[in-house]
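Shared chain: chain A. Partners: chain B in the first complex, chain C in the second.
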Partner chain A sequence: MAAFTATLLKPWTPRVLQIRWSRYNPYYLEPEPRKEVYSTPETELTPEQLKERELKSVRPIKAAPPVVHSSVFSDPMISKFINMMMKGGNKILARNIMLQTLENIKRKQVEKYHKAPDAEKAGIECNPYVIFHQALANCKPVIGLVTIQRGSRHYQVPTPLTDNRQRFVAMKWMIAECRENKHRRTLMDEKLAQELLAAFANKGPVVKKKFELHKMAEANRAFAHYRWW
Partner chain B sequence: MPGRDPAAMASQGVALQQKLGRMLSKSVGKPVLKPNKPLALKDEATCITEMSLLMACWKENDFSDAACSSEVRAFFKCAEKAEAARKAEKGTTVGQKGILHPKQANSLLRRYPNQYKEI
Partner chain C sequence: TYFLVTFSLKIMNIQVSQTRSLGTAAVEAEPPASGTRAIFRTVQQDPAHHSEQDLGQYYTLPPDHVCSVFPHGLPRHFQLQMKTFNETCVMVREPALELISHLKKADYSKPALRYLLYGVTGTGKTMTLCHALHYCSTQGWVVVHIPDAHLWVKNCKELIPSSYNSSRLDQPILASQWLKNFGITNKHFLSKIKTTKTYMWTKRESTEEGQPLGELLEKGLTRIKSSSDVMGALLRELRLQCSKPQDEGSGAFRLVVAVDGVNALWGRTTLRRENKNKVPHSLLALILAFCGGAIITSLSQSGSLFTPRLAYLPHELLGKEGFDSLDPFIPVPVPGYSEKEFESCYQYYIDRKWLQHSQSHTEEGKKELIFLSNRNPAVFEKLCAAL
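Right, the complex of A and B next:
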């Protein structure tokens, strides 16, 4: 009993201490993940950069978040896609699905390359990263629709979209399409590979959805003046 | 826009300017308008012309993005400029109505609060 009460009087410290905060003191500096910055000799730097380097030896630096990479293979768009696919914080699974998708794309394209006659071989793209970026660029909508209320009626008003919004919408459509409208037993990487290759060729349901959005915007062009921004 | 003719709209614009001139001037009786701020539309939707050009191009070319790439680029440029202008305007202290935004007033007053006690 006495031992138990003694434990209650101890000052409480958490078992796990955070090292990466979201709110730092303003004098903390940002981390520099790029390798080139560290390999340049002192002669090639401008006076401001030299000053910054001196400052880094005195001031504390924020802990680098896991999003920030220094590898040549890191791609911010692919990282975003992985994060959007992730469920329940299972980044490992999401990342493996993405890597398997890229491998599937590569396999399919290489198979196509070897089967094609020599004239068409130059036209077949085998780099899965290029295919991924081009497919998402083909899915990005140019114009969006916003619901604006005038009186009691709600109108769908065409409006320009920011770059971030376009990218988000394209990725969301892609993932939703693969999750919902496919056969239950096919794995995500297979479905994604199929959809990305279709989008790369400007076919498939995601590009169709983009076109339908454009058609709706064109149909509602009379309401464009209801915007005020 | 459906049912609007650019030539008619231009002539309407000229007539409007003349009427405005007459309403502001003192030579034709008492001036009807005495604006204390410059006359301008309050809320104007940005990039409407670029949008209409883009949609016309889409209608002709069956919504293909490759055929309308120049219009798309023009539309994006206009959207970027409008966004930048809006961001720049957001930071200014005195808003359109000539008074501070309530949030800005609150933050300023918080920085220089009333003194209730002598330190």
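Right, the complex of A and C next:
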């Protein structure tokens, strides 16, 4: 009886402790996921690298985040896309959707490849990763609009976008398009595969949105001097 | 005139092949380059002549064979691969060769031998079964193929009490689908085999003695309510006629009964009433005793109900009752890919443009794939799908 009440009164600790985003003590070192670093023998290392290795044997190391892979097949852009698609922390589902999307793209292209006559075969791209990267590159806007207040009016001022911002905007548009403007019963991987293939060919609603943004920026170029950075 | 004749013959050939391609689902695959032959493909396309030389190599099934022999037999992921690669290639592996050699040497005047394929999930039991069935159908046997016995004991949409025996239940949709596929597979036998007794389906309908099997099938397809009864009757007919010694009237035929997921017949069901279904009962009768053929079965954990995920041995999946009923049988273990087979599969995927990731063509990538899949065929296929 006393033991049972003691278990009720003990302080509650969560089962999984969130370590990564807490503030690490500065003497914690970053983790090293690349395999080549571990396989080079000591003779080939510069003195700084040797020093780093010695430090690793005495200092503690931070926990590796789930985005970091040591696999040869890992791709940071795909990881970012999976993170953006994830809802409620369900990374497993988001990752499965992404893998299924890549499979769908590959299946469509390989089928087309095998049925095409020999002359057209060289023009058909079958690599889903190349298609993914090219599609997102086609969706990236070069120039964006920022709201600046002058007096009481708000103006849409054209401004250059950084690399990160461009990439973020392209992925966001792609995911939003697939979630909102499609038939309710189609699965996400089918929708994504369709949209990515369309963007690869520079057609489809996402590329259209990019061109509209460019047109708006062109229309508002008179206000460009409102920008002070 | 010679030139004109050859030219017109060529036109006719092109037209014939075009009409054929319109008829069949898949476009005919382009012929391989005449000089080189890929190392993972074998020249021998006839399963009767496959030998140890062809181990680990792929042979191609012609599209019309696929449509006629396997209307419902191939696993779903393989059907997708067929559609994508525009060809049907099956790897020649040891368990299949062993099975086929047993089938060649068996004595068919004695009761039928039972073969049981077992192995971990995803090692290729269903594909081995299909390879053996292809051999049987090229030799002209009657093929009774039940692609997944688990479908009969779970998730059924319509259950009606059987008119034949009121304590049992029927599944009309599944039965009528199976009858249609049976008709496609065994078209040439439908007129040759005749019924031996009169069957009463309802008060007004009956099939007389001496009618060909085709009539029986049509009855089952038109009257869906009695399709399970038709199926039971058909299995009974085949069993009786196959065991009969050869007489001058009907030619003797050899029967192969292939059941995938045979552990469903002795396992638990999710159906509300625990009465045994009509069809598994007649299937059981067929499996347990007939002469002049072979029974090839395979276990399957992936579709089974209330079995632990890692169980794969016959005793675990069949249970005591099932094991004792199936005993004696010839067990055929189906292992994962050997090194040579894995290499062959890897080269095949590269050739068919399935492995697209640039890193997957390197040694590092290949080592990683071997590590992640442990040379299990299904896991390897799933991994390669996304790469």
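Heads up, the rule we're going with is that the second predicted complex is superposed on the first by the 208 of 229 C-alpha atoms of A that agree within 3 Å, B and C clash if a C-alpha of one lies under 4 Å from a C-alpha of the other, contacts with A are read in each partner's own complex, and residues count from 1 in each chain.
Convention: contacts are C-beta pairs under 8 Å (C-beta built on N, C-alpha and C of every residue); 3 or more make two chains touch, one makes a residue touch a chain.
All figures in this text were calculated on a predicted structure; none of them were measured in a lab.
Visitor: Output check: A:Y113 vs chain B and chain C. Expected answer is one of first, second, both, neither. What do you get?
Guide: Only chain C is touched by A:Y113; chain B is not.
Visitor: Once the structures are superposed on A, label A:W229 by its partner contacts, choosing first (chain B), second (chain C), both or neither.
Guide: A:W229 sits against chain B, while chain C stays out of touch.
Visitor: Does chain B (first) or chain C (second) touch A:P160, or do both, or does neither?
Guide: first
Visitor: Just chain B (first), just chain C (second), both, or neither: which does A:N127 touch?
Guide: After superposing on A, A:N127 lies in contact with chain C but is clear of chain B.
Visitor: State whether A:I143 touches chain B only (first), chain C only (second), both chains, or neither.
Guide: So A:I143 only meets chain B here.
Visitor: Determine, under the contact definition given at the top, whether A:P33 touches first (chain B), second (chain C), both, or neither.
Guide: So A:P33 meets neither chain B nor chain C here.
Visitor: Regarding the shared-chain residue A:R221, is it in contact with chain B (first), chain C (second), both, or neither?
Guide: Once the two structures are laid over each other on A, A:R221 reaches chain B alone.
Visitor: Write out the stretch or stretches of chain B touching chain A in their complex.
Guide: Touch list, chain B to chain A: 1-2, 43-48, 51-52, 54-55, 58-59, 63, 65, 72, 75-76, 78-79, 82-83, 86.
Visitor: For a test of understanding, state which residues of chain A touch chain B in their complex under the given definition.
Guide: Against chain B, chain A makes touches at 138, 142-143, 158, 160-162, 211, 214-215, 217-218, 221-222, 224-229.
Visitor: Show which residues of chain C lie in contact with chain A when the two form their complex.
Guide: The touching residues are 27, 29-30, 80, 83-87, 352-354, 356-360, 362, 364-365, 368, 385-387.
Visitor: For chain A, which residues are in contact with chain C within the complex?
Guide: Within the complex, chain A touches chain C at residues 71-73, 99-100, 102-103, 106-107, 110-111, 113-115, 118, 126-129.
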